[in-house]
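There are two complexes below, and they share subunit A, which is joined by subunit B in the first and by subunit C in the second.
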Partner chain A sequence: MSFRTWVMKWLTTTDHKDIGILYIVTSIGFLLVAGSLALLFRVQLAFPYSNFLVGSEYYQAVTVHGLVMLLWFASPFAIGLANYIVPLQIGAKDLAFPRLNALSYWLYLFSGILLLLSAFTSAGAPDVGWTLYAPLTARIYTPTVGMDLAALSIFMLSLSITIGTINFMVTIAAMRAPGMGWFKLPMFTWSMLFTMLLMLWAFPPLMVGAAVLFIDRNLGTEFFLNPAGGALLWDHLFWFFGHPEVYILLFPALGAMADIITTFSRRPIYAKKYILTAFLIATIISFIVWMHHMFITGTNIYTRLFYSITTILISIPFEMAVMSFIFTLYKGRLIYTVPMLFAVGSLLNFIIGGSTGVYLGSIAIDRGFRGTYWVVAHFHYILVGTVTLGLIAGLYYWWPKITGRMYSERVGKIHFVLAMVGVALTFLPQFVLLDMPRRYFTYDVPEWLTLNQISTVGSFIFGVSMLVGLANFLLSLVKGPPAPSNPWNAWTLEWFIPSPAPKHNFHGVPIVREDNTVVFASEEAIEKYGIESIRKGEVDIPSTPLAGGQHGAHASHSTHHIATLDPLILSTGFFLAFAGLVLSKPVMYLGVIIAMAALARWLWKDVRNLFVEDLPGYVENWPFPKDKIRSAMWVFIASEIATFGSIFSVYFFIRFNPVGKFMSDAWPPGYLVHDVWLGLINTVILFTGTLLFTLVYLGVKNGNEKLSLIGLLGTLYMAILFLVVKYFEWGELLAAGLGLDAGIYMQAYYLTTGAHGLHVFLGVLATTYLLLKLFHGTLKGKQALSEVLAVGIYWGIVEMVWTLVFPLYYLV
Partner chain B sequence: MAHEEKGGGGHGGLVYEYIYIAIIVAVLAGFISSLGYYSFALNINPACEAIKADEEQLQEIQQLAFSNPVVEKAPGIYDVYIYGRQYVWIPSTITLENPKQVTFYVATGDVIHGFEIAGTNVNFMVLPGYISKFTWYPPSDLEGELLLLCNEYCGVGHQLMKASIIIERSGEALDTTSDSGGFIEELISLLSITSPTGILAHG
Partner chain C sequence: MEKIMRDFAKYLGVWIVLVATAVIEVFFVLEGITRNPMVFVVAVALFQSALIALFFQHLREEPIVIKGMTVSGAILIVILIVSAVTSVLTCTPYFPG
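Our next item is the complex of A and B:
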């Protein structure tokens, strides 16, 4: 392959395996950046009187370290592993939406570049701490443009992650191989499913927070600045994201550890049903513990006590996970390969790190520890000791599958020892430093000096261990011995195919029979016997033999592997638009044009139905039979509920919090400020439009093109009318002097109706797309029906949100 | 594909799990009830309150911090008014004589600050738009100069933001009897960081 072809392959790929590799490589890049920053500020802390890294630069290093490690290294690394492995583990050919998968990756990459770009602005990167507490992040206290870039990069990353969430959830639900029941899924896939569930509802509040922070800084709103609780509002929004975020980071590592520990103990996971239930309960409870990050804010003590109880309760599921791992190891025939060493090491670190966290759940104890190095040691023990080492364990474990080569066990063991020693030396002294406050670049307490220096030495040892690991991987790529398809004798589905995984994943259709054996059925066998009888074992067919080389017999199911530059160009457009928004207006216009062109090009391919693909007809019937587009839209709706939920929470908080009641002098009732009739008219317009959309569904279902046309034109007309009415309404309000500077009640109004209007506009685009399809003659068949249903569901949520907006803003 | 292992014993082979879960639940029930006991009965967790305040009330705190920060309402019972802003605490020195109960009223002029008296359990956030009220019961043998520092990153001068709290004890007024005496109090004071004689105290 020529160099140019090789580059184009990586730029245009939508294959989950390639994208997985892209994610892993990119996240390791971010790891090196953030890790180097950590080494720099650890040097400063070892020599507190030096001027090595002081003042704003120190805080920039700390902030960027935190943000990049959490958002641009840890989760994306897990997503990369998941991208490669999850479809293989469930028996799918690819993810549900390959082009969206590529879009997720490129948005992620460019959002990271956007953040790092801030370090090159004249005032540098944001220096406010990764928690971005308001009002320090307001423009008057942090005027730097780097802060705006950071907010936009977080917004962009949230988009990337939401798209990825939808992709994975639909894949795991709808694209499993026949016979692969929910319970048979391996632990890694299950834990990725829980991670995706958490991400779905955790990232929208962060996205809304970042967006509101941006408009606070640039449009003069006062959501986070207003003295009646603005700081607390950010606290709530951020930590509502922040707490599930830690489980988003943890679950993939636990899943990888589970797969590894079971393989190398030669035993299945102990009490799988219980541990899955435990994880599900943890997922649910994780949304009601966030206030333990706010224990010393002085809010209502009974509220805080409730959160203290839920925090202590959430330790139960993780204790069950630890128990399950230990009992899997117990009486197993343990084989200590490098992945197993890392997995057991992570488990040990999890016990240490996790138990130190339980103390923080008590308000009384938290009072002493909060803001000190105990907290830092606790979360780093888990993030570095469990999550990072667990993900490295996963990388080592699946390395033969991904690259087709083995690594050096000896170098791997050196990596392991150095890593464990590094983690212990770095963070155990920090537990003893439980009196030292966080975010200080200098101190003059002599007792802390030795401990800090030990910690710094430990951090360098850990850095060396990372380099050793990288060397191991690079060496393996260059001269590692070729790996067999199942070097570990494991029993999950990904080990039944050659290493590295062939382009089409499986040779034949993997069918999991009732006795838990797997056959790869060829097309002819399926036609002859039918999937059900093969699955029940009524017919014993030979597996399609694994071809000696990938270039052998072609796959039984033809796979369209789409190669397209659209995701890359669309992400570039977004990047230029966001960067230009704060740095240079011409660049912003360029970005917008590029993004719109890329989107148009992408959707035009869909108008022509280039990528119609029937779901393979063997998906279980629940929740949405054989319809991934509709399933995807429902998952998207769940995230929209979280998004608008956050926006409404902002409204409730700033209305209710200052005075403790809903009706007050500070907030004039809606009917005095807004034209109720105009609002009512808009409500009727939107409602009519949504109703008219049902005509589209009927038309497509029955092949009645005229009906579809009427429905589409009707909805389009109503939606555009809604926007026009809204335009005039805003115009009137602005003319009456009720702009953004009129008070927080107007700012809340513009925020909410602006966000809703944006969604109406996107609905207009979607309806236009369907209209184009109609004119092009491709609005027929199952695919079209799914798309119509999906857009109809979308209009439904837009309508429902408006029915909440209207009374809350116009009537009370 | 792996199938579930069934161990020996009753309850469908899950005896050990049930025993383990029972142990965990018992331990956690102990933790949670001890939480309640310490918090309410032993007053180990003096409640910190953030009181919503408007501009006037915040100005009042600021004035008091400048003019008359330390008010002794009764022997040993103090009200202290402190105003924090980037990057100072006003007043920067607070002297207390034989304090038994000190109520801090703290306000911030700009961003979120953290109020911590090192080596004690006084640690709370000061939020814009709120007055943080915290009642502290200093141990009767605590004396000398204590460091008051800012605990929540507030900008480039964060590490400079400190003040001193000086506690003077005179012999006769020393109250050696504690309110709720006994073994548990001693144990807590030995293990906790609230007392300078505790194991983990620094300095």
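Our next item is the complex of A and C:
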């Protein structure tokens, strides 16, 4: 393969395995950046009054370290592993939407570059801490453009995460191999499903928070400065994301650890159904614990009590997981390979990190520990000791499958020992430093010196361990012995195929039989014998796969991986538009033009039905519909509920905050400010648009193109009319002096109706797309009906949001 | 065509109810008939949203998991809003005095 072909392969790939590798490599790049920053500030803390890294530079290092580690290393590293492994574990040929998968990756990469770009601006990167607490992030306190770039990078990353979440959820829900029932799914796949569910609802508040922060800083609004909103409003939005984020990071590591412990204990995971139930409970409870991060903000004591109880409660499901792992190890025939060592080490660290966190659930103890190194030690034991080492365990475990090469066990064990020693030396002393405040770049208490120095030495040992690990992986790539299909004698589906996984994953359709053996059948065999008889073992198809992947009859079915530059170009457009928005307006316009052109190119291919691929009839999809486009839209709607819900939470918080009543710009009744009748007219217009869209549905369903045309034109007309009315309404308000400076109630109005208007515009694009399909003669058949239903569901949520926007802003 | 008309009549009926409730909502609030306008308009919005979800989005034909997923998201948001609001109803650090 020539160099040019090699480069083009990586730029245009949509293969889940390639994208998984891209995610892993990129996230390791971000790890090296953020890890180096950690070493820099550990050097600063090794001596009191040191001048190595002080003031804003220290805070920039701490802020970028935290943001990059959490958002651009740990989660994406897990997503990289999941990209490669999950489709193999469930017996799928790829993710549900390969091009969107590539788009997720490129958006992720460019969002990270956008954040790091801030370091090269005149005043440097943001220096406000990774929690971006208001009002420190306001322009008057932090006037740097780095802060704007950080807000936009988080927004862009959230887009990537949302797209990825939809893709994974639909893949796991509706693309499982025949016989791959829910309880046969490996723990890693389960853990990724829970992770995606958490991401689905946790990221929208962060996305809204980042957008509002950017608007505050650039358009003169004051959501996070105004006493009726302010710091508490940011805290709510941030921590509604922030606490589930801990489990977003933790679940993939626990899932990888569970698969590894199962394989190297030679026993199935203990009490799997109970553990899955515990994970589900933890997923739910994780959304009602966030206010323990706000115990000392002076919030209502009864609310604090509730959140104290839930915080302590959430430890129970994880205690169950720990017990399950220990019982799996107990009486197991343990094989101490490198992945197993890392998994057991992570488990040990998890016990330390988890148990030290329970204290923080107590309102009284939290008051003492808040903002000290106890908290730093606790969450680093989870994020480094458990999550990072757990994911490294996963990388070692699946490395032979990903690369087709074995690594050096000896060097891997040195990596493990150094990493465990590094974690212990770095973070155990920090528990003892429980009276030292975090985020200080110097100190003058002699008792803290030795502990800080041990911690610094530990951090360098940990850094060296990472370099040893990296060297091991690189050496393996260069001269590692070839890996067999199943070097670990593991039981999950990914080990039934050659290493590295072949281009189309499986030669044939994997079918999990009732006795838990797997056969690979051709589509001809499936047609001849039927899935059920193969699954029940009534037909004699070889059940033991052979090395090289020649199993049973060869299949004719294969997925062609699309090579396209569209995701890369679209992401580049987004990147230039966002960077230009802060740094250079011409660059912004260029970015917008590139993004629009890329989107048009992408959609034009779909108008011509170039990539239609229905789900095969035999996939396991219960209890989801066998329609991936519609399923994807529903998952997106769930995320939209969280997005608009976050915007409405801004409204309710400000409106009900008692302090607002004492302000000069207290919120007046809506009918005194807005034209109620104009609002009502727009309500009827929107309702009518959705009614007309039902004609499209009926037209496509019944093969009546004329009806579809009337419906599409009518819907478009109504949607555009809605936007025109809104445009004139905004104009009138601005002319009447009711702009953004009129008060926070007008700012909230423009925020909400602006976000809603943007969604109407996207609805116009989606409807135009269907119209083009109709003109092109491709709006017919099953695929078209799925797309029409999906756009109809989208219009439904746009309308539902308006049923709240109208009365809340225009009437009350 | 007759079947199409019959189906469309169903959607038209839902549209009539939606428009009627919007008009009644405006009338009730502007005339001061509702005792608690905020609760009233939220209740009307929930009613309208349920109609939209069940008929225009065809939620009633979807599997329970899809229904559960959308409702769960809404519940979580209600928790966010209620917690955020109750957290400042007393003891807010910004409260004058």
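Observations on the model:
Throughout what follows, the second predicted complex is superposed on the first by the 785 of 812 C-alpha atoms of A that agree within 3 Å, B and C clash if a C-alpha of one lies under 4 Å from a C-alpha of the other, contacts with A are read in each partner's own complex, and residues count from 1 in each chain.
To be clear about the criterion, contacts are C-beta pairs under 8 Å (C-beta built on N, C-alpha and C of every residue); 3 or more make two chains touch, one makes a residue touch a chain.
Keep in mind it's a predicted model, so treat the numbers as computed, not measured.
In the superposition on chain A, contact of A:G298 is made with both subunit B and subunit C. In the superposition on chain A, contact of A:N486 is made with neither subunit B nor subunit C. By the document's definition of touching, of the two partners only subunit C reaches A:F662; subunit B does not. By the touch criterion defined above, A:L691 lies against subunit C but remains apart from subunit B after alignment on the C-alpha atoms of chain A. Once the two complexes are overlaid on the shared chain, A:G230 sits against subunit B and subunit C alike.
Contacts of A:Y59 after superposition: subunit B is touched, whereas subunit C is not reached. In the superposed model, A:N609 lies in contact with neither subunit B nor subunit C. When the two complexes are superposed on chain A, the residues of subunit A that touch both subunit B and subunit C are 227, 230, 232, 297-299, 301, 657-659.
Residue ranges of subunit A in contact with subunit C, taken from their complex: 173, 200-201, 205, 227, 230, 232-233, 236, 240, 287-288, 291, 294, 297-303, 307, 623-625, 631, 634-635, 637-639, 641-642, 645-646, 648-649, 652-653, 656-659, 662, 671, 676, 680, 683-684, 687-688, 690-691, 693-695, 698, 702, 704, 707, 789, 792-793, 795-797, 799-800, 803-804, 806-808, 811-812. Chain contact summary for the complex, subunit A toward subunit B: residues 55-56, 59, 127-129, 133-136, 141, 184, 226-232, 262, 267-274, 296-299, 301, 305, 308-309, 312-313, 315-316, 319-320, 323, 327, 358, 362-364, 367-368, 370-371, 434-435, 437-443, 445, 447-448, 491, 512, 516-518, 657-660.
Residues of subunit B touching subunit A in their complex: 1-5, 14, 16-17, 20-21, 24-25, 28, 31-32, 35, 38-39, 44-45, 47-50, 52, 54-55, 58, 86, 110-112, 114, 116, 118-119, 121, 123-125, 127-130, 132-134, 149, 151-156, 158-159, 192-194, 200-203. Subunit C contributes residues 3-4, 7-8, 11-12, 14-15, 18-19, 22-23, 25-26, 29-30, 37-38, 41-42, 44-45, 48-49, 52-53, 56-58, 62-66, 69-70, 72-74, 76-81, 83-96 to its touches with subunit A in the complex.
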